[in-house]
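First chain A sits with chain B, and in the next complex the same chain sits with chain C.
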Partner chain A sequence: MKKKSFKITDTYILLIILVVLVAFFSLVNRQFIAYNNISTMLKNMVLTGVLALGLTPLMIARGLDISFGNSISLTSVIMAVLYTVFGLNLWLTLLIGILVAALIGFINGLLIEKFNLIPIILTLGTMAILQALALVTANTFTQTYSILMLTDQLYYFSTRTFLKIPLPLYVLIVLIFIFWFVLTKTKFGRTIYLIGANPKVAYLCGVKVKKVKILLYIFMGFITGIGGVLSVALTGVGASYQGAKLVLPTLSAVLLGGISLMGGSGSALGTLIGVLIVTVIFNGLSVLNVPSYYIQLFQGIALILIVAAYEIRNKKIQII
Partner chain B sequence: MNDQKRNDFLNAINPFNKNSMTPTLLIVYALMILIFSLINPLFISLANIKSIVANLTISGIMAVGLTTVILTGNFDISVGSILGVSAIVCAKLYNIGDTYIPLPVVILAGIAVGAAIGAINGFLVTVVGINSIITTLGTLAVFRGLAYLYGTETAQIYYKPYVFMGRGYVFKHVPLTLIYFIVILVLMYVVLRFTKFGRNVYQVGANLQAARLAGVSIKKTTFYTFIISGITAGIGGILLSSQLSFAQGVFGLGYEFKILAICVLGGISLAGGRGTLVGIIVATFILGSISNGLALSKVPIEWRDAFEGIILIIAIMVDSIRISRRALLRA
Partner chain C sequence: MPDNEILMEMSGITKNFPGVLALDDVSVSLYKGEILGLLGENGAGKSTLIKILSGAYMLEKGKIIIKGKECKFLSPHESLAAGIRVIYQELTSFEPLTVLENIFAGEVVTNKAGFVSWKEMAAKSKKILSMLGSEINPSELMENLSVGQKQIVEIAKAIHGNAKIIVMDEPTSALDEKEVNTLYSVIRKLREQGVGVIYISHRMEEIFQITDRVAVLRDGKKVGDIKTHETNKFELVNLIVGRELSEQYPKRDIKKGKVIFEVKDLTYLNKVKNVSFNLREGEIVAFFGLLGAGTHQLFSVIFGDKKATSGEIYVDGRMINVTNPNIAKKSGLGYIPIDRKEEGLALVMDLKQNITSANIEEMGAGFILNKRTENEHATKWFNTLNIKAPSIDTLAGSLSGGNQQKVVVAKWLEKNSRILLMNEPTRGIDVGSKSEIYMIAEDLCEKGVGVLMVSSELPEILAISDRVIVMRDGEIVGEFVTKDTDQEELMHLASA
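Entry: the complex of A and B
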């Protein structure tokens, strides 16, 4: 009984932080709570949110992927090239983009699990390769590094609202529901937590640990592909160097949401709150006209502070 | 008994024992030189070899520092950002109005910046207890941001002796930087091989529990390795700004792949506790020659990072196969 109430306070603390931050920024600058700013902010949140959700089950199962940012760069460039240079059908283009990203996830997962590699080091390597592929693809086909990809359908999707809520946000809402359902209500979800809590026990229980983890990597790739589609839809550009900026905010959001690097803990809702807080902080900073160099600085500091806070708290629990 | 001891010692310093990657690396390097020089004979011209050697020593020096961190089972991926900050600090010191700052002070400042950032990393990893990769991912962003902030405009360096430090040659053909590299390498080799601190570094990486039981101060040892890595990255910043005679915020961007690749390729196991600096020399030459060779073979510049990524991946796969083979042998 007592344990349960403790868990609830953890989420509450994050919620309180969120409310305080919103109150602070809206007091400093009235623009912050204007409908326009909130809707832009939420639209910008979609990309981080989707990626953070994809990372959630992966990191619960002790996996990690930091190449997703560059994977987004590559897929958005591929989609833009296929659409504008080769004149392919839009839906086919988007499908190919998502499949390419899923394939990248599969390769990551296969290498990590078959060779027992450290996930972050391998994906550091794939990061460099994907970035180069994105730059080369963009440069060979169009001689530029960011390719315009303007379509009526994607423009409609990214600018219209339904019930005053921007359409892209519905993608996030649907995904949050799916992830929450799978992680809490299904056997597969429990398996993921089991792998994260203790891979050896999971293996002895008859769980095909490697297969499940490769599946999660493919799934992360698939989500990254959706992220690529969203990024093209929101910006109208297949940019070969934009994706890499997504890694730090997403990782901070996921860790803030209560996912431990040791695996086994975290939830879809926690991740959502983490994403909200990170988005509010960075949007708030840009509303306050903080230069972008400072924002990168804050991202790093935020990441360290978040993990440090959790680490210190964990130590206290151990001592008690 | 005495024979055994002597054999162990000879094995330890012999780069050609059966556990070493060095012979394989030498063959790879020979093949690489052959291919690149067949594509473009300029590759083996004296001028080009001189420029390759002068360039690669910076990453070599940083790899020596990073090696100590990896030997304890940790990572430091902020080295590129440390290089950027230290380069900018040194260049800015030459741009403060009319004040003249003597050369040793500037060098010390660059090294101190590296050591300070290394100490921050070490503090976060050992005292606060954060995973080293996440810590240095954070500090990577923080110090890259700082470097951009203070390096928005190029800081020129006109002071001749400072520039000579990185560009100079002794005996006409030997770059000064090569001598720094060799000195630092030999120094660290001796420290790792023959001092108590060096033993502790290996012990902490090989078996944390045993190290603790043996009374090794794990936190202190780890903390010092981060400072060493910071110092070597600081030296890298000094040398890079002196070679180019200016500094910018982008200095060292993406170095983390290269340096990490050198270490893993040189046989420093990511599991910690295994590997010597001997392999680092060959690995440094391989990675240092690749970008030059690719440029001379007219490969587009975008591919350069990709090759470093590919080498990193191949190296960690080989490392992982070696780890699992050792585990099998032990069982």
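Entry: the complex of A and C
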């Protein structure tokens, strides 16, 4: 019971930070809590949220993927080319996009696990490769770097609401439920935590650690593919620079939500709160008309502060 | 022989941790040229006392007098300056550097031009090492040394730093018999030079071989302070555990069943060569060998952690191809590794999660994890094995060594393993937990489980095994019915 109450305190602190931030921005600028702003903000949150969720089990199991942003760039370009240049059926196009991203995840996982590579370095490599492929693909077929992909279905999906809630948000809600369920209620979820706590122990308990981790990389790829589809739907283009800017806020959100690079800790709900906090901060700053380069400055500082705060806290616990 | 000059005196030391009185009015003194054994179960307060002496913990109440000078606030820096050196169980050497660089860690000797004088440092290192009777080459890389040699380098480093008091925390736990003897002679040399040594160990034989005096701690209090030659093993054990252990090693007469496990011509690289043996229901077979004999690798290969080069393994007469631990587990094998903190337990997870970790697939139907089932199963073993912890929700990392080991055992009991591999099952755990582990092993044998054990403690092997297999350089060099052999014969065979 002790450990549980401890975990709740952690989540509570994050919730309090969230409430304070919302209160602060609302007081400074009324516009912040207007329906229009909240609805835009939540819609913008969907992409970060989906990606952060995909990273959650992977990072709990001591994996890491930082190539997802560029994977989104590549898949969104591929989808736009297939749809606009080759006139492929929309649903088939989206399916291919998701499968390409899943394949990228599989390759990442396979290389990392088979050759015992350090995930951040390997995916830094794939990141560069994917970015280049996105540029080459876009340029070869359209001589531009950003390809329009306007469809009635995607436009409908990205603009309509159900019960006053934007449709894309439902994707996030469903995924949150799935990830929460898998991580807390299933044997597979427990296995993920066991690997994160100590991979060698997990292996000696009969867990096929490498297989599970490759599977988690594929999941991350799959989720990235969904991110690619969402990105095309929300912007109406397949752009070769679309995804790169997502990496920093997503990683910040995940780390803020309680995931450690050492693995073993974190949860779907923690990640959700992390995503909410990051979104509120950046939306709040834009509503206050803070120039975008300052926002980026703030993003960097925030990431460092988050990691430092957790590090300091963990040290304190060890001393006690 | 210790003369009468007091090197260090700790008196009335009291230390509180939230909820625990770790040390309660403890007084210990150390004379010049004396080897003091510090005894006590895990959690008795030994580590806390040492940490206060090394300055890692702040002194709250009590006095420390070092060479006649009272130290009110002993910081790590002051402790070093006073000549106190602690050599921890987990050695803290710089692996990729040379012996010389380790001895001179933190300082360099320069010549007149201000350049590093390797020559002088090498000469000094050699002098210290030969004074300790060791022939380690100062330019050898640390990572190429054996654990025993590394310890000697640590001691050399301490002497180079002008140590007056050296504390050794379980120095022999990873050493083989030969290395232990070398270490003893080094310690005796230190004594001749007037250094005071505080020697922490769980092994009774060592205490009687090496110490002049013993201090015993129990539950944070000092319960005994006796000259070693005026006491005996039973008295000490009783002081340590605070209760009469009528039989320290309870060997029962258990009926043996059919052969459940068999290994034929197992080879792994050049570490394990053509090993064949079998195991019956209810039997405990022990493997004995010095460091490098291949006993640990043999267990790793049997459990699928390392892949056999050649050979066959049979369970119930059926051959199994153990390519990974999962197959071993499914064939009914359980493995208690030598390093419980790195390989046995997920320290950041709680007891119930650890106990069920090898049996997650049975915790509920389909893919759902049924936490009620998990609780029931974990509680059952928690109670059966008498694990001392607040509850099954306690983190495994917060338990004492003995209780952690019980959790590792519980994990394989939960999996219903019929062939249990125990690699040094009682290393670094206290006397009380030790006999409980033996008891568990024998309870299992009564239920038809077969136990394979690697141990470097001969008294343990002689007390609880049915058969002993001696290994040397990867090969089996002898097999005995335990009651027909003795310590000398086994040792002779293992080291010949």
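Assume the second predicted complex is superposed on the first by the 317 of 320 C-alpha atoms of A that agree within 3 Å, B and C clash if a C-alpha of one lies under 4 Å from a C-alpha of the other, contacts with A are read in each partner's own complex, and residues count from 1 in each chain.
Rule of thumb we're sticking to: a contact is a pair of C-beta atoms (placed from the backbone, for glycine too) under 8 Å apart; a residue touches a chain by one contact, two chains touch by 3 or more.
For clarity, every value in this text was computed on a predicted model and none was experimentally measured.
Q: In the overlaid three-chain picture, which partner chain does A:Gly125 touch, first (chain B) or second (chain C), both, or neither?
A: In the superposition, A:Gly125 touches chain B alone.
Q: For A:Leu204, using the defined touch cut-off, is the partner it touches chain B, chain C, both, or neither? Pick first, second, both or neither.
A: A:Leu204 contacts chain C only, not chain B.
Q: In the superposed arrangement, does A:Asn139 touch chain B (first), chain C (second), both or neither?
A: first
Q: Please determine whether it is chain B or chain C that touches the greater number of chain A residues.
A: Higher number of touched chain A residues: B.
Q: Who does A:Gly189 touch here: chain B (first), chain C (second), both, or neither?
A: Touch partner of A:Gly189: chain C, not chain B.
Q: Which positions of chain A touch chain C when the two form their complex?
A: Touching chain C from chain A are residues 1-4, 185-191, 193-194, 197-198, 200-208, 264-265, 320.
Q: Within their complex, state which residues of chain C touch chain A.
A: Listed in rising order, the residues of chain C that touch chain A are 18, 303, 305, 324-326, 328-330, 335, 337, 342-350, 353, 357-358, 360-361, 363-364, 367-369, 390-391, 393-395, 411.
Q: For the complex, which residues does chain A have touching chain B?
A: Counting only chain A, the residues touching chain B are 66, 111, 115-118, 120-122, 124-129, 131-133, 135-136, 139, 248, 251, 255, 261, 291, 293-301, 303-304, 307-308, 311-312, 315.
Q: For chain B, which residues are in contact with chain A within the complex?
A: 75, 77, 124, 128-131, 133-135, 137-146, 148-149, 152, 254, 256-257, 260-261, 270, 300, 302-306, 308-310, 312-313, 316-317, 320-321, 323-324
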